[in-house]
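Paired with subunit B in one complex and with subunit C in the other, subunit A is shared by the two complexes that follow.
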Partner chain A sequence: MSASHIVFDNVSKFYGEVLGVNRVDLKIPPGITSLVGPNGSGKTTLMNLMTGLVHPNSGVIQVRGISPYAPEKLMKFMGYATQYDSGPRGATGFDFVSTGLLLHGFPKADAERRAWQAIERVGLTAAAKRKVAGYSKGMRQRIRLAQSIAHDPEVLILDEPLNGLDPLVRAETIALFRDYGAAGRHVILSSHVLQEVDVFSDQVILIANGMIVAEGQIKSVREEIHEHPSQYLLHCKDASRVASLLFAESHISEIKLAPEGQGLLVMTRNRDAFSAALERISLSGIDIDGVIPTDENVDALYEYLIGGGR
Partner chain B sequence: MAVYRRGYQRYSGGFTSHAARMMVIPRFSWERILEQKFVVILLVVSMFWPLLCAGFIYLANHTELWQGFDNGFKKFLNIDGRFFSIFMNAQSVYALILASVAGPGLIAPDLANNALPLYFSRPLTRGDYIWSRMIVLLGLLSFVSIVPGILLFCMQVGMAGGDWLWKNWYLGVAIVAGFALYICIVSLVALTSSAYVKWRVVAGALVLAFFFLLTGAAEMINEVFRVGWGSTFNPAYAIKTVWYWLLDLDIPDDKPGPAECGMFLIALTGGLLVLLARRLRPVEVVK
Partner chain C sequence: MNPGQQIWTIAKLELTRVFFSKRSFWVYLLAIFPSVIFLGHALEAHVNKARWGARSTVSAESLNRVQSGMTDEQVIEMLGKPVNDNIRKSRPRRKRDEDPQAEKQPDVRRYMMYFDGKRRVDLRFEDGKLVSRNTRDLLNFEEDRKVYAGMFQFFYLRLGIFFGCLGIFINLFRGEMLDKSLHFWFLAPVKREVLLLGKYLAGLIAASLIFCGGAMASFLSMVLPQDASEVQAFWGSIGPEHAFWYLAAAMLGCVGYGSIFLASGLLLRNPIVPAIVMLLWESINGFLPDAMQKLSVLHYVQSLCPVPVPLPSDMPALLKMLLAPAPPSSVPLAVLGLLALTAMILFVAAQAARRLEINYGTE
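Here is the complex of A and B:
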């Protein structure tokens, strides 16, 4: 199992007296995993620990069965793009990517072929021979992504990869993550764009003050949060009637009528009982056009677990 | 999640050797350094003294040209350890200036651009990084020191013959070993300076100042305490003493010998490596 997972076993990292991460236990399966947390929460430290760029003060890390203390083995199958605008001065986009491949140990011809493929994948072929220093922020983000995928890694670690990308490129980049995730690779990324994380992540890791607050699939994490009632938006024509029927249920804590009268925002403390109640209402002949959970997303989880749950 | 089924092929081709990968960084660095006009001019100027020395070797090996001169002059034209020590002293100045020009641009930009994670997220260790940066300077400084030194030695062997080589083979070893030691120390000073000082000019000045300041400090110790051992802490003196020992030349009795100087240079090398390793962390350490 651990040969295909990234495992953190009681890992702590301190920078002098400053806490990086504390007693982290994680078992990250393949797929797209998003690290979500406020600035300085420890997301980048987690990534650096996975890549072996920093070593833990205590605990053990295994990346698909390989220790980050063995960079020669680890970096053969790992790609990393930092959030920094880093790159050799004067290098063109193509140089930047192909040099990385040469450092990986690919023969020159192979390195050049792979560099072109990766550059094409991020849509920078036309600008490949231009100097990185002249690239826009979004182009730099893409060339960083290209250098991280050029050697076809099994584990892709990306720090804020969607920053500065225009909507079209953002969509293409997310499609690339999905391809990687679907092929059984690890894609670990951090992002502040919670709505997007919600859409493409197979699972999330919420981190605050160096501690893991929650991890897993968004739905299962939400189900574990009992202190906040679940929110649903019901689309129905006879909203007042549905509201009155739902008020009779003991698990319903709050109901708000949507402004246009076309729906209800319902808060329940028992999802199963709520489902059963909806079924009863439907069977009684009242049309319910749609039921949408409104807090089964990273945004809500972030708010409940990190932001104080306003 | 239907993501556990592996749908990709692992790379199964061959990789280049560790040594070949290490040469990727120097190759690009050399290109950039040689784009600087001052470096090219310095490299050209540094060839003048070896050319003069070559002329001297030619004269020394053509006895018919100085038959009318006295014995003092004949002794002056002797190719021995003293001749090569003068050659090495002169070329070491060029090597030092080159290191102070080329060295500061090697690590500081990587630190300023946060590029270290980029290097270390390859199959590259911190030691590899330092070594590959060292290679840049080793190659450059060898061009003005070991290479002309060996050429002069070979020229002398070619002109003087096997007998001279039999008696003076150690001079060839001394040139290579002596310059290698010097280049290592100067390169480490330049890299450490580049790692700690962001401004290129200041870092370059620091490389030069390192030798001048320690020379001054060592002389001060000697004067204040009326001793000779203070010279041990003078890297220029320490290197010169090791050279003299390698070239089989006389070393003053009242000054530290090659053993003490060698120990100091080993300690200095270790200290510089520790300083470099402390600075070259892949991510910024929060204090």
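Here is the complex of A and C:
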């Protein structure tokens, strides 16, 4: 199993006296995984640890069975778009990408072909021969992305990859992540844009103060949070009737009329009992047009588990 | 791609940056400084030869006939008009043993300079009599070779190559840390040891080209302006050997100091610290026990220098102690010793590279 996963086994990292991450145990399967947490929570440290840019003080990390202490093996199948803006001094965008490919051992012609392909994929062809130092923030973001995907890695790690991208490129980038995820590759990214993360992530890792608060698929993480009632939006014509029936259920903690008469916003402490209650109401002849969970998303998980400070 | 190819790829990628780094541009000044000095010396000799030769030239035999006690008029009669003639009179005064009533007389000193095409002879007359003569060659090959040897050992090796390698090698890792671009290399599929050797090779190629080039340029600047027959004789005998060993010493200096400063850039943040420590260590090398002397780059490279430099007897004792080289090692021992020392330092540097983390925030 570990040969196809990224595994953190009781990993701690301190920068002198400052905590990076503490006693992290993770087993990240292929697919799109989002690291979510406030600034300074340890997201970048986790990424730097799995790419070998920093080393743990204790614990063991394996990326698809390879230690980050062996970059000659690891980097063959890993691409990392870091948060660091700088590249080799005086390099053009094209140099930045093709140089990395030469270090991968691609022949020059092949490296140049792949570099152009990757640059085209991030929409930077016109600016490829300009110096990276003169790029805007968004362009730097894209050229880093191009460099990280140019060798077609199995594990793609991206630190805030959607920052500074215009909507079109953002949509294309997300499509790229989905392609990678669907192909059984690892895509691990950190982001503050929680709504987007919610849309494309297969699983999330919530981190705060260097500790993993929750990990897994969003729905299963939500199910583990018992102290916050689950929220559902019920679309129904006879809202007051449904509300009165639901109030009779002991697991219902709160019911509100949804704005603009859309239905009811219901809070329950027992999802299974709530399902059974809805079934009974439907069978009694009252139409319920739709049930939508409103807090099975990263935004809600973040709010419940980490709180403010985003 | 095998490690050898990776090392060469990294070295090629790094070379441009090393050669044209603004941070180490002053290295070129260190390398060309001796050439400038010797070229200046040769140019001065050339200009003087043309200028004095145009005014008047006397034969060497005639010059040799000039003796102390001759009057200025006799000398002019024998040699003709001098190239330079300068008469200085002091304020009139009475000499100590003269009659106090006697009229005050000025001291008259006359300086004349003759030129025989190769040598200048300065004659000093007091009260019309020749009191001293000073003969100097316009270019003295023997003397210039000693000057070159002194310049090479005391400036080029101890300061030029030393600080040049400091500028080049310490920036290979530390400079990238400051530029926040080292992660680019760490994210390549290469072992840290291979990365270290690739960067070292880039630094070594650059430093060797700069400093071997500088050594050869200054050597040729010293040799070529000399008398053609002497130059021909030199190249037909010991010249090529001298040139080779100066090149070898410069190259091995880059090999040794390069490894030290590469390791320093990995282990320490402030380059001033290793520079001062190394400079002190190299300076006191002559006092150290035999075994400790082997842990010095200067000891080995000075052993390869073809011309020993005699220290002047009137040199201050402390300076003499610092400049006097330790007894030299044999050539094979010097070369092998330096290479072994370098390998040891690179091994330590490789261990540091393996542990190195990207943490730009603390730089």
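As a working rule, the second predicted complex is superposed on the first by the 306 of 310 C-alpha atoms of A that agree within 3 Å, B and C clash if a C-alpha of one lies under 4 Å from a C-alpha of the other, contacts with A are read in each partner's own complex, and residues count from 1 in each chain.
Here is the rule we go by: a contact is a pair of C-beta atoms (placed from the backbone, for glycine too) under 8 Å apart; a residue touches a chain by one contact, two chains touch by 3 or more.
Predicted model only: the values in this text are computed from it and were never measured.
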item	value
Partners on subunit A (subunit B, subunit C) - clash or fit	clash
Which superposed partner A:126 touches (first subunit B, second subunit C, both, neither)	neither
Contacts of A:72 with subunit B and subunit C, given as first, second, both or neither	both
Partner chain in contact with A:202 - subunit B first, subunit C second, else both or neither	first
Contacts of A:84 with subunit B and subunit C, given as first, second, both or neither	both
First (subunit B), second (subunit C), both or neither touched by A:29	first
Touched partner set for A:184, first subunit B, second subunit C, both or neither	first
Between subunit B and subunit C, more extensive residue contact with subunit A	B
Partner chain(s) touched by A:3 [first = subunit B, second = subunit C, both, neither]	neither
Contacts of A:105 with subunit B and subunit C, given as first, second, both or neither	both
Partner chain(s) touched by A:283 [first = subunit B, second = subunit C, both, neither]	neither
Overlapping segment of subunit C (options 8-16, 80-88 or 116-124) - the one that collides with subunit B in the superposed model	8-16
Contact residues common to both interfaces of subunit A (with subunit B and with subunit C)	15, 48, 51-54, 71-76, 80, 82, 84-90, 99-100, 102-105
Subunit C-facing residues of subunit A, complex	15, 48, 51-55, 69-76, 80, 82, 84-90, 99-100, 102-105
Residues of subunit A touching subunit B in the complex	4, 15-16, 18, 20, 29-31, 44, 48, 51-54, 71-80, 82, 84-91, 95, 99-100, 102-107, 110, 147, 151-152, 154, 181-185, 202-203, 217
Contact footprint of subunit A on subunit B as seen in their complex	1-8, 10-11, 13-17, 20-21, 24-25, 28, 32, 109, 113-115, 117-125, 281-283, 285-287
Residue numbers on subunit C that touch subunit A, as the complex places them	1, 5-6, 9-10, 13, 16-17, 21, 179-181, 183-192, 194, 354-355, 357-360, 362
